[in-house]
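See structure below.
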């Protein structure tokens, strides 16, 4: 929906967004990638750059998906997909796994979201106060617990409604937790004065991104 | 001689009462005590409160128990699944209560129950619907929500190995909620893939010590996809 | 000091006290024996009656002391004595070990004490409010956490001062926790109406025991 | 490549500051990081707060650190030992502060710090001196004391095996306080009897996962009595 806005603009594809996030993860970090879009980030971290991926269900040190003929049926991630374990990986129980999260031991969590507010509030688990069976999973624990929370999402909904907002209208997942947002249009830091654009998709300009954002944007070092 | 192994499903399920709170292990299909859930269906207890991460898939296991009208309330973090039709139908019809708990808080509430901690504070859920009606307090400049322990009358647990004292190991991500549920319940019932001789499990590698286990049923059912 | 009270009376020796306690522990119980006098109880539980002994430092399923030439230097109990591990025993960390205690998973704890009150209060860690470096160890956790707390102690101090009292004068370890007391003179249950004598040492009579007790005693089924 | 192993004691001790809270593992002589304590003596940090189960024996290790006047306060459950002369002399002279904590509360306060739980309630200590100045509340008809988490700036940990990611195993009763201290500190320093290749420790048998560990020094010192 956004590729036509300026003729030269090339919004990030999901794969490019994943690669863009992966670029910013240094070796040695302990990282939880949320279910959905963020899961793809792992594919863009080269094996030789050792990043330790955590999954809520007690898996630390996840490797890539297994070959179809090498599936270990006891080894799944929080998205219930088959995964592998790297040398150096380990298993633990759920309370220990969330002790890692809640205790601030994860350097980074990357989540998808419905909305992110300029204050860093995140809404990613229910789209109405009257959701008929809202499912929160581990999102609230991750959002409140990780040292850094990054969000990875489309800049707007399919019908063009902004997802970077002044104040979330959907039920919150956590308050003031988001540090950075990666969208198909831009990379933005959440700062005391609001969203600061620190990178733009190729050919994308600030005004186009602002037009698709409800909250006011700033340029870094302005 | 201490011998916690039982010879039949009927023996394993004996004494589970109507109205019981039953903690059910597993995350996805892995570490889920499928045979014991079927045993509970067969056993007949009703008006149950179930605590589990999910609310059942398709028409088997937990979903079947709910479909039979035996579950009054479910406490879980993620009632959605690939096929949650039974739960969703009951929930929309007002025929089942739902308590949504963040996954880590759910695990810690059971760990706390097992560890004799009736109340603890966590930053998870502060400023969200999860904090409604709960005590919120400022501790050293950050806000936290008070969460109560979640003890069970019964826990249904799936293990990889067990011995007659009830010592357990789990396999890979099959560990998940099982150890905290084993701690949190008055009556912990285990289905184990392998029965080992006493002393065969390395004492440094026991995941759940037998003190938390009451009954062990040998159920060599194969791999989690085989159910 | 009490053996001379009535000519026929034979107060229990410490070994006999230990045997008397051991007799009351059924197979299958999980039991913590406090440092000091209670440690000897284990010697009087025959190996074929499987009782699982717990030690605060993460040892479950302790066996008897090792032969001198078979000491495992990594295997000690809470009293820092070398012990053995039975088949079926296991190790855990301190928080898990005290989860067993605090969570009410031990069927029984046997502690020594300075004083026990008729309300079940126990004082066993300091003999003065101004103790110069009082050492509590795991006594408070055990007293508050175990399903049953039994105390094993001499009936009086060496100078004859009663240790079964109306109200403890020493700093408390726990309130209303003691269920039963084994002394060299008698076995007493702590009941809502106070101490009930349920057994007497050979030849010991009720009045002699009462004379050495500050609290009022009752006879069971009176 | 993640490599948490360090080549020298100086490297292991780097950056420990005056005034730091240092959690020191071990129970009795077992699982006590004796080499690291000596390293800390050498390193020179002072005005330290030490949390450990005991307060030192004789004139070595923790007792030596105290004798050198480097410890402002000790948090422990049992300051007595077979030879506690250093601690007792300093304490009577008013030269060291003492905070006595019941042993299980001590362990859980560190576990809670590691698990992001700033406050929890326990029945341990109700009605005793331990409850003075603390919040006491009635929960479902029983009284409990509120206890705050005990985070460390540094943890000194003794392990049996370690790998370059910092995964640890412990041997028998050498586990004791080490895992909870490893979780509770900002900087966790380990002395390990054995260095293993990455992947050599069975992932189902890791006791402390590397996420809780910062530095590993290989100290093959032998058995606990050899110190």
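The letters A, B, C and D name the chains in turn, as written, and every chain counts its residues from 1.
Note that in this section a contact is a pair of C-beta atoms (placed from the backbone, for glycine too) under 8 Å apart; a residue touches a chain by one contact, two chains touch by 3 or more.
What you see is a predicted model; the values in this text were computed from it and never measured.
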item: Chain hops separating chain C from chain A, counting only touching neighbours; value: 2
item: Winner on C-beta contact pairs when B-C is weighed against C-D; value: C-D
item: Cα-centroid distance, chain A relative to chain D, in whole angstrom; value: 36
item: Gap in Å, rounded to a whole number, between the CA centres of chain D and chain B; value: 33
item: Interchain centroid distance [CA atoms averaged], chain C/chain D, Å; value: 29
item: Contacts with two or more other chains, residues of chain A listed in rising order; value: 85, 91-92, 95, 98, 101-102, 145
item: Residues of chain D whose C-beta touches two or more other chains; value: 108, 111, 115-117, 122-123, 170-172, 203-204
item: Chain pairs in mutual contact under the definition given at the outset; value: A-B, A-D, B-C, B-D, C-D
item: Sites on chain D touched by chain C in the complex; value: 27-31, 55, 77-80, 84, 87-88, 91-92, 98, 100-105, 107-108, 110-111, 122-130, 170-180, 207, 223-225
item: Residue numbers on chain B that touch chain C, as the complex places them; value: 1-2, 111, 113-117, 163-165, 167, 183, 198-199, 201, 203-204, 206, 209-212
item: In the complex with chain D, residue positions of chain B that touch it; value: 108, 112, 115-123, 139-140, 142, 144, 148, 169-172, 175, 203-205, 207
item: Complex contacts: residues of chain C adjacent to chain D; value: 55-59, 72-78, 80, 85, 91-95, 97-98, 101-102, 121, 129, 132-141, 144-145, 171-175
item: Chain B partner contacts - residues on chain C that touch it in the complex; value: 27-28, 30, 48, 50, 52, 54, 60-61, 85, 87-92, 95, 98-106, 145
